[in-house]
Structure formats: structure tokens, C-alpha cells
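Next come two complexes built around chain A: one with chain B, the other with chain C.
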Partner chain A sequence: MTVSGIAVASRRSLRRREARVGLLFVLPVLLFFLAFRFGPALAGGVLAFTDYTIGAETSWTGLDNLRRMVDDPLFWRALRTTLVYSVLAVPLSILAALGMALLVRRSFRGVRLFRSIFFLPVVTSLVLAGIVFTWIFSQGGPWSSLLGAVGLPDRSWLSDTALVVPALVIVAVWTRFGFGMLILLARLQDIPRELEEAALTDGAGAWHRFRYIVLPELRPALFFLAVIETTVSFQVFDTVYVMTGGGPAQSSYMLVFQLYDQAFRYFDFGYASAIGLALFVMTLVVALIQRLTLGRDR
Partner chain B sequence: MTALSTPAALDADTGAGGGSPRRRPYRALQPSRAGTAVRAVLLFLAAVVTLFPFYAMVVLSLKPAGAIVMPDSLLPWPISTEAYERVLSAESVLRWTFNTAVYSVVSVVAVLFLASLAGYAFARKRFPGKEVMFWSFIAMIMVPYHVTLIPSFIVISEAGGVNTYWGLILPTLANAQAVFLMRQFIKSLPDELFEAAMLDGCSEWRMYVSMVLPLIKPIMATLGVFVFLWHWNDFLWPLIVGQSTDMRTLTTGLASLNAENAPLNVVLAGSVVAFVPIFMAYLVGQRYFTEGVTMTGVKG
Partner chain C sequence: MRTRNAPTAAVLALGIGLLATACGGDDTDDAGGEGGVSGEVTMWTYPAIADEPTHRAFWDDTIAAFNEEYPDVDVTVEIFPWADRDQALTTAIAGNSAPDVVYLIPDQLPAYARNIEPIDDYLSEDEKADYRQNVVDSVSIDGQMMGAPILQSVLALVCNKQVFDAVGQTEYPETWDDLLTMAPAFQAAGYDMTAYRGDVANSLNLSFYPLLWQAGGDVFNDDGTEVAFNSDEGVRALEFVQQLVEDGYVDSAPLTTEPPLEQTRIAQNKVACIWDMEPQYLVDFWGAENVVVRPPLSDAEQIQYGTVGSLSMLRTSENKDAAGAWIDFVTAADRAAEYDTAGRFFSTKESVGTLYDGDPILGELEQYAGLTTVGPLNAHAREVMGVLAPEIQAVLVGDKDPRQALDDAAAAANALLG
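== the complex of A and B ==
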């Protein structure tokens, strides 16, 4: 064998060794993914077309679950409530995030303390938030006292069918705005100061500087936030479970709560999977809309 | 979705882009005196609203049972440690704290180990099927948790994992974001480091242990804090897998106390117990929290 032949052979064996090591290092994660992500993602789709329940024969039911979903007034109600909740929670938490980001944008004494305070709810468990806010919204609690003090009816929002969703929205804004604030803050700090200084010299007021310099720079981050927040809102569960249990009179009964209810109270895994499928499609549509809108911008 | 680079914005000192970040702010962009006053008032109000639930949680947990009546209950006195005595002597709460710690700590260690191995391979090795595998991992970030929830539960339940630690932990180890962030980080390290070690004839395992692991400490810290936070606060998965009283975590345990109409001061004392570790960690390593949460985009 020639010298170059040996070199080629050893390079090939090195390649093979590299491939073996690479596969070996990926293998553990791959197994977990097959068992708990890829497999279940497929199964989640398949289950929706069966009547699976634990400890009983499973059979194909075709489109029965989907048909049942379409005829199920509770599903439509859960879907509508989820959408109403999201339509309120997403813009409000983004607005709050934007306002706070602008407030803590420039350096001043104590700015870091304020930023830390505003981020604190993001690291807090939603269950804890739910427990405390249940008291805050209770009859005679701080919220109703506050409303009573300004002459509004001082009822408990959590036991009012019309006000329970707004109450959950307030909790959502409280738990989420710090996250958006941080995302926007990072973008704000990338805006060249010279741009705004130049605009100032040209006599542009604060609103004009915001509208024509700051806002365009923030657009991608705002879109990003809108998608994340919409996904988070569609999947709201913890606060509903802790604060309302879907009530009163199912007025805060939302999709993931129905999924949980069907699967783990009625053990109807097939129907629950169909609801999961609906959620998946909703998330996909939001991501698609984002893609298209962002694509148009570029 | 992770393309957005978000440095630790909390630590940045000024809003200056370009140039030295420590440069003195240009006077003209500083708000007028009236503007400063308005901003101060708004900030103060926002801070009060943000902190009020925490204040209420702590103050009410220090009230004797039955003394929670508005508006007196918002005053910090009288103080009673009755609720804490009940919570800390209740075997269940201690057990839930222990369960939460096991769930969080074991998952952090395992996720970091698995993700760093895979991230290293994806960043530095050539092997068949690499691209397909990597992108199918990433695609899973898009699939909502709730779609895979039921089949994962069925797998765990058929395998006898309900009410066990492994049943709680194993499914959470398939963490696509962790693999992705590890791969990105290792890819960004200089090639020369790896080439030198190759020439030295380092064994692959030694290379991983003595070279890759020390290099990825920064991303380990960020990712570790994120995974820890996610598990510590996780609710739905522990709710369905840890069904017995003994296998609850703090979140599901407190939710059950709350649902059973336990006295509010006791539930809130338990909430404080659940919150203190996160709060302490936040005080010490705030940078890692903000980085972890913003890099990964979503809170668990």
C-alpha cells in the first residue's frame, strides 16, 4: 500500500470513528425524544381517532371524536372563552411590557432594582400567583374594596360569570409583563442613540421619536412577543385550576382545562387528544400568521 | 424563535447603543424635570402593584387563623408564627418540598448532561442523519406540551410510573431547547481548541469531560437555572403523575390544600416556603434567571 493509500484509509477510519462517537453521544437524548416527544406527538394525533381509555379495549372510531367535538357546545364555549381571554391578555401584557420597558429604559439611580422587581412575577409559580390572587379578588378582598372605594360594585370577580375572565387576564398580565419587558428592553438598547438625538435636534417631540424611530425598531420583537404570548394564553391552565376550576357556571372553562377534565376526570383519552389536536392547529395558525406577516415586512 | 439575542438586559447600565455603554447619557435625551417626576410616580405605582401580591402572601401567612379581615389584615401586625408551625410540622409539606427538590435537582443534572453530550455531537461531529435529527428536535419546540401530554402519561402509566420519581422525571428529560442552546454555544467556541485536543490524541470521553465541560460552564449555569425554575414551578405534569398525597410536589400540594379549603394563612405559609428558595436564588443569580428565561422564550 502506498503512503497516500494509508492516509486515505486512516482518514476513512477516523471518519467512521467520528460518526460512531457522534451517534453515541446523541443516542441517549434521541431515546428520550423517541419515547416522550416524537412517539407521543404521533400518538397524540392517532389517539384522537380512537376511544382509548386505560384498562379497556381500544378501537378505531374514525372521525367520531372530531364530530363529537364539533357538536359539543362545551368545546365551543371553551374555545370562545380561550379566544376572549387571549384577545384581552395578549395585547394588555404586551402594552404593559412596552410601557415598563420604556420607563426603565434609560439609566437612573435604582433602575436595576425596578427592573428586578418587575421581573419577579415571571419567576413565581402560577400556582402561588393563583392562590394569592384568589384572595385579592375574593369578596371583601383588596380588589373589591378598591372598587368599592371608587364607587363601583364591590362584588367578587371570581364568582361573577362576566368578570371571571377579566380577573384571570389581570393575573396573566401580572405574571407575564416582566418577560416582555426584558425582551423589549434588550431591543431598545440596540437602537443607536444618535438616531434619536438627531431627531431631537430636528425638533421631533417624544411621541414622534417613539412613533417613527423606536416603534419600527421594536416591530420584530413585538411580533415575537405576540406569538409567544398567544401560545402561552392558549395554554392557560394553572391559574384556572387554582382560582376558578373552570367556574362559575363554566364561564372560565378553557381548552386545556377541558383537555385535562376529559383525560383525567372522565378518562376519555381519545376525546382529550382531539382537543389537543385543536390546540395544536391553533398554535400552528398563529405561527403561520407570524411567518407571513414578518415575511411581508422583509 | 430563539434567534432573538437578548443579553442580560437587567444588568445593562445605560440605553446607549454603539460606543461605550458606560458613556454618560446625553443630556438632551434625559427627560425634563416634570417628565422625571411623572416617571418616578409611574414607576412607584407599578412597583407597588407588582409587589403587592408578595407582600400579601408574606403578611397574611403571619396572621393567626381567622384574623384575615380586610383592611386590618394588610397591616403587618399582629404577627403570629402559628401557620408556619403548622406547615413545618406537617409531614406532608416537608415531603412535598423534598419531592420538588428531587424532581428539580435530578432533572437539572440529567438534562444538562444529556443536552451537553448531544449538543457537542451536533456542533462538532459529522455523522449520518445529523441534520435530520437536529431539525426534528427543533421542530418539537413547536409542538405544544399538551399534545404530547396524554401519550406521555399513557407510556408512564403503562410502565408503572405513576406515583414514582422516575415517572415524574424521565419524560421531562427530552428537552429540545436545552439541546439547541448547547449546540449553539459549543458551535460558537473557537475551532482551534478542538483541533488541538484532537492532535493530542485525547480520547473522546476525556475530551468531553476535561475540555467541553469546563468550556460550557456559562451556558450550563443559565440553562441549569432555567430548567430548575421550570421544574420547581411545574404543575400539570406533577398533577397527573404524582397523584398520591405522598408524591405531590409543592405546587400540586398547595393547590390541593387550597382546594380543600385549608386556612388561608396555612396555605400562604406553604406558598412562602415554596417561594423562598426561588427568591434566594433570584437574589444571588438574577442574571442567569433573566438570561435563561429570555433565551428559551417560554416559561414552564
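== the complex of A and C ==
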């Protein structure tokens, strides 16, 4: 064997050893993930094909739960409401995050304080936020008083079948924009200033600098945010539970709420798991579509 | 746990439950020799006695007294919050970590029936014979008692004297018509005649079903195979609520949401009469001198909701004899009466008689115990509420008319009943 051959073999051996050490380091986390995330998810998937009810014999029911779901008007209503909510909440959250990230991108006195304040809603309990927003959106509350000042009627948005989802979207944007802001801010800091300065020298305006320099650089972060925010939106539960209970008249009844009802109010775990399975497939499909569109160049 | 990850959490609970159930042991009785019983008994209960130290002291004393008779039984009583108790119990049953004994009300019994050991064989004959028949009926499924009753609650009409004085009204309503006749005067003076809490999280046993029963209707047909709330009586009951809402005789906020009691007009002394709360909980807000207990409202019938709290043994208990002895001991007339008095409930035993003679609130309420029902004992009762409550809301927010809403709910409910 030549000297270079010995060197290559030595490097391979070193890499294998490093890989084994690396694997040992991640093994505990991997085991926990398999035991407490993947395993239960798999079990939930299996339950979707059974009539599992606590204390009763469990039997294999094949596609019965899925057929029931297809025939269940409440499922379709919950799905439609979830989609409407997500279509509103995801872009608005990302837009708000982008706007705030651009605002706090520059260095100025107190910028760290502003960044911290804007991030605060992310670490605020959703239940707590839900309680506060229930008051904000109540009749005679701050929101309706604000709208009353511009001539709109004083009404509780949470009691109005047409306004309850927009109200929940506002809460979602408030609670989520800080996370997106942080992600986008990190990416913005990586964009070389020279690029924008060169464009400025060439006479590019603010919009053109944003459109042709900043936005393309943000694309991977925006793709990441789109996937995360879509997943979070599909799984909305806390605020619905606290603020509306799915009402009024089921106008804010969403998929996870139906899953919760079926599992923990009616103890129909098989059907609840089928809804969970549908939610998983839906999230996966949307993420793949997003991957094909937003993330295709990366 | 952040419920933002609710689907994952639910799947996690289910998965653990499945694994734990698979690993569970056999049910084995662990009775001691020569008629003695031994073993560990765990009981889950809830703050039926609102004052926690008083509640805890009651159970400590009861355990001590029980151990004088049964020194080899180790009893642990755990007091959990009312909120989410079904979720906790369900998860515990799934995870094979359920208690031996649990406090349940009739509304819950059908859902847990397959997990419950009938209690008949564990109660002494004297104590069993001492129960009032309507109490026994309220906890019986297929002729077997699914729990040993320990308390009874009663709802009636409760009116705020301060509000009546402010309006100058000296008579209290007895019928729906009375309520509607008096309402404009209260409205003109800035008060609500009554309150209707329509949040879907609320049990219809408290809000709509009493009106349905008063109108002469019922939730299910006689054999429980179909719902019956979309009858003419049901429509009349819902039209009554609709009129209260549309004419502005009730606050609109609680129709779709559930604000904390202290933030409601009830607590702010702005509501004349309500039918969905026990009067003892209003004393702090209205003052005892202003809490006036009246008979349940009547229309075609005079009837109200009242529940029966019972102690049930779970089938998974490994010490059934010990658990049975504990339940029999705790629900004995004298011991239960002590509990009832501390919690301001009523006795389920004939031999106890009245507990609150001379008490202007509880003594009055006690008279109406015979006018109450515990509601439907149907395995699908809660699912039916789940489809009916949103349809009632749809009427109250003006999206549907009562007949249409009840028919839609009935179609969905009958599909659930199969």
C-alpha cells in the first residue's frame, strides 16, 4: 500500500470511529424519540383501525373508522374550519414576523429590549393568552370599543359565527409572530451588507433591494416557517378550548378539537385516532406541496 | 404539558395506555382470612366539600374510624380538581393505574359501566335497603347498582331579593309565563330576568334539559334507542329560551362562552332568578339574606335536575373486598350524613330524614329533592349533548329556527345511537 493509500484508510477509520462516537452521543435521544414519539404515533396509527374503547375488548375494524369519518359531516366541517383558519393564520403570522424582523434588524438603542418584548407572546401560556383575549373580544371589551370608535357595532367577536375564526386568527398571529421574527432575524443577519450597499449605490430603491436581494436570501427560512406554522395551525387547540369551546354553533370547531372530543369526552379512541391519522396525512401532504413550491431550489 | 401538541399528546397517552394495558396483571381479590379483609385501597374524589382542610379532615377521620374495624386495610384518598376529571380517569384506566374507588355521578356511569364492578354484593343489606328508591334507580344499570350513593344535590329556582326589591317586585315567578310577564319590568330597570349559559362545555342537564322536562318532553324515547328532544315539547322549550334571548331578558355573553362566575351579571347582582346553580354558591355574591329559594319552575310539569354522587368500584381493583368494605363504611347513613352536611348536600337515605330543618336556604331546597331527576342514563348521553348543544347555540345566535335545529341535532344524534 502506498503512503497516500495508508493515509486514506486511516482517514476512513477515523471517520468511522467518529461516527460511532457520534451515534453513542445521540443514542439516548434517539431511544427516547423512538419510545415516546415514534412508538406512540405508530400505536395511534394502529388504533385508527380498531374500535379501541377503554375497558372493552379491542377488535380490528379495518377501514370502518375512516369510512365513518368520510360520512361524518362534522369532520368535514371541522376540516373546512381548520383550513380556513390556517389559510388566514399562516400567511398573516409570517407577514407579521417578516415585518417585525425587518423593523428590529437594524442596530439602535434598545433594540434588544424590543426583540425580547416581541418574542414574549411565544413563551406566554396559550391558556393565559386565551383568557385575556376572551375578555378583549367580549362585548364592551377593548376590541369592540376600538371598533366602536370607528363606527362599527359593539359586539362580541367570539359570539359571532362569522367573526370567531378571524378572532382566533388574530390570537394566533399575536402568539406566533415572535417565533417567526426570530428565525427571519437570524437569516437577515447573515445577508452580507455589501450586497445591499452595492444595490443602493446602483440606485436600487428599498422595495427593489428587498425584492431582489433580501427576499431570495430569506427563502429557506420562509419555507421552514411555512411548514412549521402550517403544522401548528392544523394542530390549534388551546385557544379554541379556552376561548370558544368550538362555538358558537360549531363555527370554530376544528379537527384537533374533534379528536379531543371523541377521545376524552366520548372515549371513542379508535375514531379519535382515525382523525389524528387524517390530520397527519394532511400535514404531510401540505408540507410536501410547500417543499415543491417554496423550497424547490434548496 | 403544552396542549399545542395535542394530537401527539393524545397519541402518546393512547400508546402508553395500550402498552400498559398489555402489561397489566390479573384481577385478584386479596381478602384476609376468617372474614377479615386486607390490602390497599385508593380512592379518587373531588372537592365536594369546597373547603379543602375540612374535606381532608373528614377523610382522615373516616380512614381512622375505618381502620378501627379494618386494621389491615390501607386506604388512601386522593382529592383531585373537578376540572378534566374524566380525562384523568380515562387515562388512568387506559394505563392500568386506575384507583380502586372513584366518585362518579349518574351522568358518568353509562360511559364507565364496563369498567365498574356492580356494588350490590358489597353493601350491607340494611344500608342498601335504606336508600330511597329513586336514588337507587339513578345509579342502576340493567338492575345493578353501579355505585353506592353518598350524596344528593338539588336544583330549584333561586332568586335575588335585592334585585326584586330594586324593581319593586314582591312576587316570585312560578311558571315560564310568570317569568316572561315579569321580565320587561326587570329589563326596564337594568336587570336580566334570568340567565342562560349556553357554552357547549356546560352540561345540558343544567341548562336546557330542565326546560325540556318542564315542557313535558324528554331526551330519549322510552327504550333509549332514539332521541326524543325534537318533539313539540322540545321545540316549545327552545322557543322559550329563544324568546328570552331575542327580547333581551338574558345577558348574551354566556350564550356562547363561559366567563368566570365572578365576572358574570349573576355575581354582579344584575340577574333576578336562575335555575342552573345551587343557592349555597351564590351566598358569597348575593349575601345570604338575598338568596331566595323557590320551587322549580313549571310549565307542563314541575321538575328540575339534581344529581346523586356515588362511590363506584372499578373492576381493575385488586382488593375488591377491601374496597367494598370501604365503600359500605363510608356510605353508611351516619357517616354519609356527616359528609353531606359538611358539603351542604342532601342525604340519600330514608333513615336520615331532613338535615337542614330551619335553614332558610338549604332547608327550603331540601323540600324539592323529590322534584328532581338525574337526567338520562344512556351510554350515548354525552355524545347527544355534544351534537345538541351547538344546535341550541345556533338558535340563540340567530342562525337557525328551533324546529330545524332540533331536527338537525336529532338526525346527528340518532346516527350515533345506531
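Things to note:
Just so we're on the same page, the second predicted complex is superposed on the first by the 254 of 298 C-alpha atoms of A that agree within 3 Å, B and C clash if a C-alpha of one lies under 4 Å from a C-alpha of the other, contacts with A are read in each partner's own complex, and residues count from 1 in each chain.
Definition applied: a contact is a pair of C-beta atoms (placed from the backbone, for glycine too) under 8 Å apart; a residue touches a chain by one contact, two chains touch by 3 or more.
All values derive from a computational prediction rather than experimental measurement.
After alignment on the shared chain A, the placement of chain B and chain C results in a clash. Of the two partner chains placed around the shared chain by superposition, chain B is the only one that A:F33 touches, whereas chain C remains out of contact. Look at A:L83: by the touch rule set out above, it reaches neither chain B nor chain C.
Contacts of A:V232 after superposition: both chain B and chain C are touched. Comparing chain B with chain C, more residues of chain A are touched by B.
Once the two complexes are overlaid on the shared chain, A:L66 sits clear of chain B and of chain C alike.
In the superposition on chain A, A:Q189 makes contact with chain B only, while chain C stays out of contact range.
Shared-chain residue A:T244: touches chain C; no touch with chain B. In the superposed model, A:D160 makes contact with chain C only, not with chain B. Looking at the shared chain after the overlay, A:A204 reaches neither chain B nor chain C. With both structures placed on the common chain, the touch criterion links A:V104 to chain B but leaves chain C unconnected.
Note on the chain A alignment: of 57-65, 93-101 or 129-137, the part of chain C that runs into chain B is 93-101. Taken together, the two complexes place residues 36-37, 39-41, 43-44, 47, 52, 54, 126, 134, 232, 235, 237-238, 241, 245, 256, 259-260, 263-264, 269, 272-273, 276, 279-280 of chain A in contact with chain B and also with chain C. Residues 36-37, 39-44, 47, 52-56, 73-74, 126, 134, 138-139, 156, 158-161, 232, 235, 237-238, 241, 243-250, 253, 256, 259-261, 263-267, 269, 272-273, 276, 279-280 of chain A are the ones touching chain C in the complex.
The part of chain A that touches chain B in the complex is made up of residues 15, 18-26, 28-30, 32-33, 35-41, 43-45, 47, 52, 54, 100, 103-107, 112, 114-136, 140-142, 145, 174, 178-179, 182-183, 185-186, 188-194, 196-197, 200-201, 220-221, 224, 227-228, 231-232, 234-235, 237-238, 241-242, 245, 256, 259-260, 263-264, 269, 272-273, 276-277, 279-280, 283-284, 287.
Of all the residues in chain C, the ones that touch chain A in their complex are 2-8, 10-19, 86-87, 90, 93-94, 111-112, 114-115, 199-201, 252-253, 255-259, 315, 382-383, 386-387, 390-391, 393-394, 396-397, 399-400, 412.
Touching chain A in their complex are the following residues of chain B: 1, 4-7, 9-19, 25-26, 28-30, 39, 42-43, 46-47, 49-54, 56-57, 60, 68-71, 74, 114-115, 117-118, 120-122, 125-128, 130, 133, 136-137, 140, 142-155, 157, 170-171, 173-174, 176, 179, 204, 208, 229, 232-233, 235-236, 239-240, 250-252, 254-255, 258-259, 264, 267-268, 271, 274-275, 278, 282, 286, 289-290, 293-294, 297-299.
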